[in-house]
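Same chain, two partners: chain A is paired with chain B first, then with chain C.
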Partner chain A sequence: MKLRFSRKALCIPYAVFLLFFVIVPMLVIVFYAFTDRNNHISFQNFIQFFSDPTKLSTIVYSLVIALITTAVTLLIAYPVSYILARSKIKKKTVLLLLFITPMWINFVLRVNAIRELLNWIGLLGEANYFNTVLGMVYDFLPFMILPLYTTMQKIDNSLYEASADLGGNAVTTFFRITVPLSMPGILSGITMVFLPSMTNYVVSDMLGNSKVTIIGKFIETYFGSDWHMGSMIALFLLIIVFVSTIFTGGFKSEENARGANL
Partner chain B sequence: MNKKAIALKCVKAAFIGLVLLFLYAPILLLAVYSFNSTDTIGTWGDFSFTHYAKLFGDSVILGMIGNTLLLALLAALLSTILGTAGALGIYYSKKRTKTTLNAVSQIPVINAEIVTALSLTLLLCVVIGLPRSYFTLLIGHMVICTPFVVLSVTPKLKQMDNSLYEAALDLGASPAKALFKVVLPQIIPGIISGFMLAVTLSLDDYIVTSYTKPATFNTISTYVYNATMRGNAHTAEVLSSFWALTTIIFIIILAVVLTANLTGNKKKEKKK
Partner chain C sequence: MAERIIELVDVTKSYEDNLVIDHINLYVNKGEFITLLGPSGCGKTTTLRMIAGFDLPTSGKILLSGKDISQLPPNKRPVNTVFQRYALFPHLNIFENIAFGLKCKKVLNTYRNKDGEEYTKAEKLSKKEIREKVERALTLVDLEGFEKRSVSTLSGGQQQRVAIARAIVNEPEILLLDEPLGALDLKMRKEMQIELKAMHKRLGITFIYVTHDQEEALTMSDTVVVMADGVVQQIGTPTDIYNEPANTFVADFIGESNIFNGTVVGERKVKFCGKAFDCVDDFERNEPVDVVVRPEDIKMCAPEDGILKGKVVSVVFKGIHYEITVQVGKYELVINSTEKRCEGDVIGLNIGAEEIHLMKPKYTTNIFDGVITKRNTVAFADGEFECDLTQLYPNSRLDEEGYLVTAAGEKLDLTDTEVKVEVGLNDIEISDYAEAGGTTGHIISIIYKGDHYRLIVRTEESEEDFVFATADLWNENDFVSVIIPKEKIKLTLKNTEEKKR
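On to the complex of A and B.
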């Protein structure tokens, strides 16, 4: 019997790949989170996780660092994107590219660069939390600018004119036109920055003098020693991701913050 | 233009300039010192290429750069094939399959990298019991890269003219031939940008790499991280060769971005 070629069948390898390397690993995490070393069902990790003040305070610290990082990044990226998107100069994309280019340098080398700068001005080892937030803002800024710029670029100029004609001043126009219409960009920028700043421990390790523990590092400390506790924290993160996805409506390819469609 | 408008323009330009300074200051600092004989930033020596000589004379560093590039190309190639086929299959599937696969495909994109890394390591190395090897590393990188290839190809499929495929079939082409000769050429820009994206994702990765790699294998990310975290006197010399490495990578990227932008503009002009 000759197999008929079907276009649909092309997705089978990818579906199998996703099943084995995405879905099954997630199930393994859930299994490990609720079992003990003897593979018996146990809520020990769960209870320990939520009753240990040091664990909880690490998570609170990490959330605060992520919130501050995201807020600062948004406060810098929003005006940058606004100015770029509304500017009338010809080579606008070149200017945008200047903001995106550092993103393509190896991530760890970039963190190392800011580490050297902090070392030079004498802050390394002195202000661990400040350095961590600074490094994260530095590293994640392009991820915020790109989706913001993309959505603001799409706002029809006649809307601004209409607002002015109808007597809206600059402030009114900004809050009634720019902000609501750039909301998708804001949300996708926030997801691109908030999650890494809770989990990417490269920055906190290299700039925080190993004194700053974020949730990602927290998981890493259980690597090899206690997979069950590590899985419990990972599951906690997974739930945060899941909930935030419901709020932000998921990831859209048009706002690909990695710059695929530049 | 009144004074207020001019003032506003200056404030805007100053703000843009400041943010750019913030983004480039660390890299430029390293670039300047990479051409200096000193090993500590702040003390000024003579103009020299010693850091570059050290970089190109260190077989360990060169080996790890080679590892990084080879892994990125291999992971990107495999991800591009798997992801392009996946995107095509998903596009032609029924609605339910489409929604399910697209949703699952999003998981590695939105998930925290550490969760992806931990879950994969748990499955491959703890549950199945495989040793950390090039295979586990490659799988790790493909999990990060492939969904982005799908995300790059899918918009091109949606823009495609479906009647061309039907026309090819009517004219006697086999479905496979029509796919290769008619569909593929239309989505090639998406495939290329997916490939490039996969390369950059793989080059950039630290967390998944550190979880899935064999102990003796290093990429730029893991090597630089380990060197900085050790922090003894021996690494001061290694660290200064990273200044040269950062500068070289920065120059290459700048060159690629500029040429891509210039040739892109030329194409647009031709279209006019």
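On to the complex of A and C.
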């Protein structure tokens, strides 16, 4: 018998991986979320989750922290990327690296450093939410700068000139050319910052003096005692992620997403 | 006198140390179609960008209807640009692209208040006005109904039209066009040339057009400005530029030319290709001149009737004419004629007096500022050349230690002495080997002169030019080293105080 090896066979390992490490665990989570301790189908977790004000307020806090972090990161990263992308200086890459290198330093080390710094100024334990947002902004800034810088660099200089030529002043040019054309970068930067800042509880634990609970921390706590509730919250988070990805256009085909900068 | 809409007064522009525009003076009459023509890197686009306001002049003034606008930003100038690669906004549709300028604009409207007093208010254009203007502009470029289309669905030619519509919808005083047809194919280009010309007539706006295509410039313009090396070479009507080129660069760049070295031998008589011809230009007797004859102005006849007699070496059919190359002694002449000749034919050639254009040669010798080095060589033009120092003092000689001993027996150390270096046009050779000569540079210009080529080699650092004749064929941009025989370097002292020992 002749062994026929079709090209499709190449995807078998990936399919197996996908099955055992993505699909099965997901099903397990869904199973846990809708069962009780005796493994009977139950909507108890669901009802309990949405009727418990402390749980809901944690979620809201978590969302607000993520939103503020994303907004602050965007506000800092946008001008930085703009200046980097538009400047004619020769050592641009070096400058960019200065902003990116923190990304390569061990995460725990960075957070610890900020913790020490806050402790030194005397803010640690005093302004927990502020510290958490500060740490997250510091940590996620490179993830916002990089996509912004990349899209802005692709904007042809002649478009800015065309805008000025047609009578557009700096403000018009910024809002009608720069912002819309850098939108793909803004969206991908938001995705890269918003999602981790809802789940990355290392920052909130260490800088928020364990007083700030975000969704990620919540899930971790529940998986210590109640896997069913933990799964429910995880599922809820998944839905938030899903919705926000639709919102930022992450499911659009590559072609369309890049259409804005041709 | 026609009204001058824009005037460049002694404008220069340099990037870092690089001078790209060298004291340009230029004016454009209202309603004119003017073309800036020249090879790439000649400064034509920079000139346009300074008029648009994207680049500011390093010195000099740009006057718009007499007002200095040199330092105004682009959005404050009543000028619109059609960009080389269109620069349409990819995130906006055709309507929004064209309406962009109108939405930025404010117009002064006059109203009457209750007491009957008039007052003016700067207002944005209404949606209806914008829509009407955009539609009119689209009709003008034959793109009715394209409002909703996105830029990426358009062909190159259509994008070009949108770019033009986007500019003219603002009713600018001057429309600047930066090689707008460069990206189109030949057929499309010809069509757009005619359309642009027609549009210019219809709109009555002043057009300033930049191109490197001489045919385009001649077909479309009222006035052509030929530029090279950041300098205006000639300004004139297409006919003037073609028939009366100001120098050999223009003659060579615009159309085809036979260019020769000639000498004035008598009143309105010039000698070139070994014979004397009658001509109409008057120059000093014995003056060396450049002679330009267009290929279509040389008439063929029977061998015994011609002033020149030569043998046909090649015949190429060019559609409406034959391009016939004739060897006359050591000279080669190109003739365009509708009559056919065969290779090997012996024919006579005549040139009418008014077809012979004489011009003062731009280059008669090479002059540099040099400095004598410790090794008794002379340094100039980024290099160092061996030379004969004894020519600086009559009857002097060099002793064994390298000091110059004058006729009177005085010992001189010439190190660091500044000298004027002169090298004749026939005394320079070039080589592919970078080490062969005293300095290196790139060939920036090649002009064929019937029996030899006239080359210009420019050094990299200080951008000094070596102009010389050679029989060998080189390519533009070749990197070569410059060789000058020791005895051909003429030195003269710049100042008389020399260091004495």
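Here is the rule we use: the second predicted complex is superposed on the first by the 243 of 262 C-alpha atoms of A that agree within 3 Å, B and C clash if a C-alpha of one lies under 4 Å from a C-alpha of the other, contacts with A are read in each partner's own complex, and residues count from 1 in each chain.
Following the convention adopted for this analysis, contacts are C-beta pairs under 8 Å (C-beta built on N, C-alpha and C of every residue); 3 or more make two chains touch, one makes a residue touch a chain.
Note that the structure is predicted; figures quoted are calculated from it, not measured.
For the composite obtained by superposing both complexes on chain A, the positions of chain B and chain C are free of clash and fit together. In the superposed model, A:Glu161 lies in contact with chain C only, and not with chain B.
Of the two partner chains placed by the overlay, neither chain B nor chain C lies in contact with A:Ser62. Of the two partner chains placed by the overlay, only chain C lies in contact with A:Thr172; chain B stays clear of it.
When the two complexes are overlaid on their common chain A, residue A:Leu195 makes contact with chain B while staying clear of chain C.
Between the C-alpha centres of chain B and chain C, as viewed from that of chain A after superposition on chain A, lies an angle of 80 degrees, to the nearest 10. When the shared chain is aligned, chain B comes close enough to touch A:Ile219, but chain C does not. Of the two partner chains, neither chain B nor chain C is touched by A:Thr73. Touch counts on chain A: comparing chain C and chain B, the chain ahead is B. Overlay on chain A (Cα): least separation between chain B and chain C is 9 Å.
Taken together, the two structures place residues 259-261 of chain A in contact with chain B in one case and with chain C in the other. Those residues of chain B that touch chain A in the complex are listed here as 12, 15-16, 19-20, 22-27, 29-30, 41-42, 82-83, 85-86, 88-90, 92-94, 97, 101, 104-116, 118-120, 122-123, 126-127, 139, 142-143, 146, 148, 150-152, 154-155, 174-176, 179, 193-194, 196-197, 200-201, 203-207, 211, 220-222, 224-225, 228-229, 239, 242-243, 245-246, 249-250, 253-254, 257, 261. Partner chain A is touched in their complex by these residues of chain C: 52-54, 73-75, 79-81, 83-85, 87-91, 100-101, 104-105, 151-152, 166-167, 170. Residues 5-15, 17-18, 21-26, 28-29, 32, 76, 79-80, 83-84, 93-95, 97-99, 101-102, 104-110, 112-117, 119-120, 138, 141, 191, 195-196, 198-202, 205-206, 210, 216, 219-220, 223, 227, 230-231, 234, 237-238, 241, 245, 250-251, 253-254, 256, 258-261 of chain A touch chain B in their complex.
The residues of chain A lying in touch with chain C in their complex are 156, 158-159, 161-169, 172, 176-177, 180-181, 183, 259-262.
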